[in-house]
Amino acid sequence: MTTQEHTLFDSNEITVSMGPQHPSTHGVLQVKLKLDGERVMDAECVIGYLHRGVEKLGEHQTYGQFVPTLDRMDYIAAVSNCLGYCEAIEKMLEVEAPPRAQYVRVLLTELNRISSHLLWLGTHALDIGAMTVFLYCFREREEILKIFENYCGARLTTHVFRIGGLQYELYDGFEEQVRVFVKDFPSKVDEYETLLTENRIWLGRTRDVGVLTKQEAIDMGVTGPCLRASGVEWDIRKSNPYAAYADFDFDIPIGEKGDTYDRYLVRMEEMRQSTRIVSQAVEKIPDGPIRAKVGKIIKPPQGDVYHAIEAPKGELGYYVVSDASTQPYRVRVRPPSYVNLQALRQMVLGHMVADVVAVIGTLDIVLGEIDR
Amino acid sequence: MAEEDEGRQQPEEAGSHEPVADSTADRGAEKPVVPAPPPKKPASGAKPRGPQKEPWTDPLIEALEKTLPDQRVDSYTFLGLRHLVVRRERVTEVLRFLRSNPVEAFDFLSDETATHWPDDEEFEIVYVLFSFQTHNRVIVKTRVKEWESLDSATSVWPGADWLEREIYDMFGIRFEGHPNLKRILLPEDWVGFPLRKDYDIRLQDVEWVRKHLGIESGQKFYVGKAKHEDD
Amino acid sequence: MDFLIDYIVIPLIKIVIVFLAISGVVAYLTLLERKVIAFIQVRLGPMRVGPHGLLQPIADGLKLMLKEDIVPSGADRLIFTMAPIITLIPAFIVFAVIPFGPTIELFGRQISLYITDLNIGVLYVLAISSIGILGVILGGWASNSKYPLLGALRSAAQMVSYEVALGFSIIGVLLLSGTLSLTGIVEGQQGTWLGFIPRWNIFLQPVGFILFFICGVAETNRAPFDLPEAESELVAGFHTEYSGFRFSLFFLAEYASMIVISSMAVTLFWGGWLSPISNTTPVGLIWQLMSVLWFSVKVLVFLYLYLWFRASWPRYRYDQLMSLGWRLLMPLAIANVVVTAILALILRG
C-alpha cells in the first residue's frame, strides 16, 4: 500500500505569517496569511504587541498628568491626541480656550496633519519600491519638526497643549518660519505628484487594489481619508467644528472608488488643504491670553462626555467618565487605526501577496494607537 | 491594609465613586418610561452648579417608544450630547432601529466601550452613534450585571467586531452572536480582565509571564490571590 | 615564437587587464550606485571610508571576506558553494568578445583591443548569459528552505522570460549588420549620414534599443523589476541564506551583468568604441586609445541610467512584470523584426 507523500508542490494552501517584525508592517503587526499560490485566501491580524495599558493608566493619573501619556499613542501625530483630550476635558469643565489658543491649536494641528501624511506617503512609497519619495518627504517633515521643536522643545511626543489652552507663548520668528514653510511646501507636493501620480508602475500597483466600497466602509466603521476615498463626505472639521475650524476656508477631498489610488489622491489633496489652513491661520492669530482659567486642580463634574476630532488617520474619539475626583473614572480612546485595520481582511482577499503590503500602507495605521 | 491603600491611588481617597444617586441607580429595575428628574448635586452647601442633565424627548424618542416600547430607561441631554439609556435585553433591536429609522438615522457606529461600576456589580456598555444626515451624535447606554452577557452588535454593524473583542478582552463581558470572540490585545492565554476596577494596576498574570517569558514577574499582587494577601 | 607571443602571451595579458579592469569597475560600481542614489535622494552617501567614501568598496570587500562561513543545515554544501560561482563566471567571460577599441600597432605588432573576435559573438553572449540563470536556481535549491526556493524560481522565470524578448530585440541589428561578430557590428556602424550624424544602429533601430535595454534591466533583476529580491516582500530572494563571501559573489555577479548589458547596448546600438565626432576607425595611437575612453563613457551613461531607474521608480508586481514581458515586449520585439526585415528588403533591394 503506498502512502501519498505531500511535497511542497502538492499543497495548495500555505500559511505565512507576516510580522511581527517586518520592514513593511509599520510597527509590530502580525498578519497571518493563507495563500493559495500568490492569492490571499484569508488574512488575520494579530495585534497587541505594543499594548501598554494606556486606558488603565488614565484611571490612575490626574487629568493633567495623563496628557503626555497620550502622545505615545499615535506617536506620529502626537498633537492631535493632545488636542482631542484637552478639548474633551474642557467640554466637561465647560470652559473654552481663548481665541489665541484656538488659532494656534488649529495651526499646529494642521502642521501635524501634514507631517503625518508626509510620513505616510514616504513609507507607503518605500514599500512599493519608490525609495526616493521617502527621503524627499522626510526632508519636508524635518521643517515641520523644527517648528515643533522650537515651540515646545520636542519633535515627536510634543505635549503641546494643556487643558484650557496653551502652555507656551509663541516664540519670536514663529510666524516667519511658518510662512516660509507654507510658501515652499505646495511645490514639494507637486514634486511628489510628478514622481508618482501619473507613473505607470504606481498606477498598476495602486489602481483597483484594496477596494473598499462606500457601504462596506460605513459598516466597518472606517473613518478618515479611507472613508472619504470611498465616497462618503464626512470630515469632523466641517460637520462638527471644534477649535477654530469654523473660521477657516478649506475643502474636503472626496474619492470615488475607494481603492488605494483614491486614498493616495485624497491624502495628497489633504496636504494641500492643510497648507491652505495654515497659511490662513498664520495671518490672523488674535492677541490675548493663551490659557483659560482652569485652576490648579482639575475636577470635572460627575458625568461622561464623548468628544471626537479629525485626526490625520480618522476619527479620534475620547470618552471620559468622571466621578468628580482628580482622576478620571474611565478614559476610553477610540483609535481610528484600530477600527480601520478591521477592514484589512476584506480589502485584501483575492489579491496577491505583494498587494497586502500596499494595502497595509494605504490604511495608514500606527500600532501605538491600535494597541494603546 | 495601609500598604495596599498607599499603592492604590483609586478614587477611594478622592471620595465618591459610587454612582450618582438617582437616575443611574434606577437602571436594571423595571422602570416606567418617565425620565428621571435631573440629579441634585450632593453639594457641600453650595448651589447646584456644573452641567445638568436635561430631559430629551423628541420625535425620535416617540418613534422609539412606538416601535420598541418599554426598552427605554432614560433619555437626557448632558453637555450637549444626547444620551439614551436602554434595557439590555433587546439592545440590538434598539440599535437597528436607530440605524434605520425614518426620523433621524444614526447609521455610523463611532465607538463601543464599557465601564465597570463594581458597586452595582454592573458593566455599562456605551455605544456612540453618528448620523450622516444631521451630523448629530447619540450615546446609547445599557447596563449588564457582571455575570450576564449581551447581544453582539455585529449583526447591526460588522465594524463592532474588534470593538467588542476589546471589551471582552479588557472586561470579560461575553457577547452572544459574535463571530470570533477571543482576546485581541492581550495574549490568548492571559488570565484576568485588566480594566475591571478590582484588577490592580500593578497586577500581572504571573503564571503567563513565567511560562512564556521564563522570568519571575516580581509583581506584588497577582491573579488568583485575594486582595488582602501580600507576598 | 611569433605564435607564442601572438596567440598566448598577448591574449593572456589582455585577459588579465580586462579581468582586473572589470573587477575594479564592478567594485566601484557599488560605490557609484550608493553615491548616485544618495545624491538623487538629497543626501551624501558613503563619506567616511577614504575621501568621499572612495575606499568603501575595499572596506565592503574585506568585511564580506572576513565574515563567518555559514552553510544552512541540510544544504548541499558543494552546490551551495558552486551556485554563486556559476552565476559569476559567465558574467565575466562574456567580456571576452566585447570590443573595447580598434586594432592598434604597438612594438611592431597589431594588437586588437578586444580579447577575441568570435564570428558568432552575439550568440556567444546570449548563450553564456543564460548559464547565469542556472546559478540562481541552484542557489535557491541548495539553501534547503521553502522560501528561497520559491524566490529563486520566480527570479529564474523572470530572467528566462525576458531573455526571449532580449534575443528578439537584437535580431533587427543582426539583419542590418549581416554578421554576428561584435567587432563586425561595430565596424559596420562607421561613417556618417549628411556629414555629421553617425551611422549608429540606434537611429535605425530605436525600438529595438528600447526593448533591449528594458529587457536587460529585467534580466539582471534590477529595479523596477526587482520584486523577487526586494526587502519588503514576503518570499525572500534566492540569496537569503547566503552571507559573507558567497553573498558577495552573487552581488558582484549582479553588477557584472549590469555592465554586460550596458556594454552590449553600446556595442550593438551606439557605435561601440567609435567616437561620435569622427565616426571612423582612428589613425594614430593616441586616437586609437581614446576609443577605449569613448567606449567607457558610453557604458557609464547606461550604468547611470540603471541607477537612475532604481532611484526613481516603484517596482512592478510579479504578475505585472511577467505580463509586461510576454504580452507587450515580446510581440513588440517580433514586430520590430518583421518591420526591419521588410524595410531592409525594400531599401536594399
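Per-chain numbering from 1; labels A, B and C assigned in written order.
One rule holds in what follows: a contact is a pair of C-beta atoms (placed from the backbone, for glycine too) under 8 Å apart; a residue touches a chain by one contact, two chains touch by 3 or more.
Quick caveat: nothing in here was measured; it's all calculated off a predicted structure.
**Student:** Centre of all protein Cα atoms: which chain's centre is nearest to it?
**Tutor:** The most central chain here turns out to be A.
**Student:** Ranking chain pairs by contacts, what comes out on top?
**Tutor:** Counting C-beta pairs in contact per chain pair, the top pair is A-B.
**Student:** Measuring centre to centre with CA averages, how many angstrom lie between subunit A and subunit B?
**Tutor:** So the centre of subunit A lies 26 Å away from the centre of subunit B.
**Student:** Give, as an integer number of Å, the spacing between the C-alpha centres of subunit C and subunit A.
**Tutor:** 45
**Student:** Taking each chain's centre as the mean of its CA atoms, how far is subunit B from subunit C in angstrom?
**Tutor:** Centres of subunit B and subunit C (C-alpha means) sit 67 Å apart.
**Student:** For subunit A, which residues are in contact with subunit C within the complex?
**Tutor:** 8, 16, 18, 22-24, 33, 38, 125-132, 135-136, 139, 195-196, 199, 201-202, 204-205, 352-355, 357
**Student:** Could you pull out which subunit A residues touch subunit B in their complex?
**Tutor:** Against subunit B, subunit A makes touches at 47-48, 51, 53, 55-57, 59-60, 91-92, 94, 218-223, 232, 234, 239-240, 301-306, 308, 315, 317, 319, 321, 323-327, 329-330, 332, 334, 338-339, 341-342, 371-372.
**Student:** Within the complex, which stretch of subunit B touches subunit A?
**Tutor:** Touching subunit A: residues 9-11, 14-17, 20, 41, 50-51, 53, 78-81, 107-111, 113, 115-116, 126, 128, 132, 135, 137, 139, 157-163, 166, 170, 183-187, 194-195, 201 of subunit B.
**Student:** Taking the complex as given, what residues does subunit C use to touch subunit A?
**Tutor:** Touching subunit A from subunit C are residues 37, 40-43, 146, 149, 223-224, 226-227, 230-235, 310-320.
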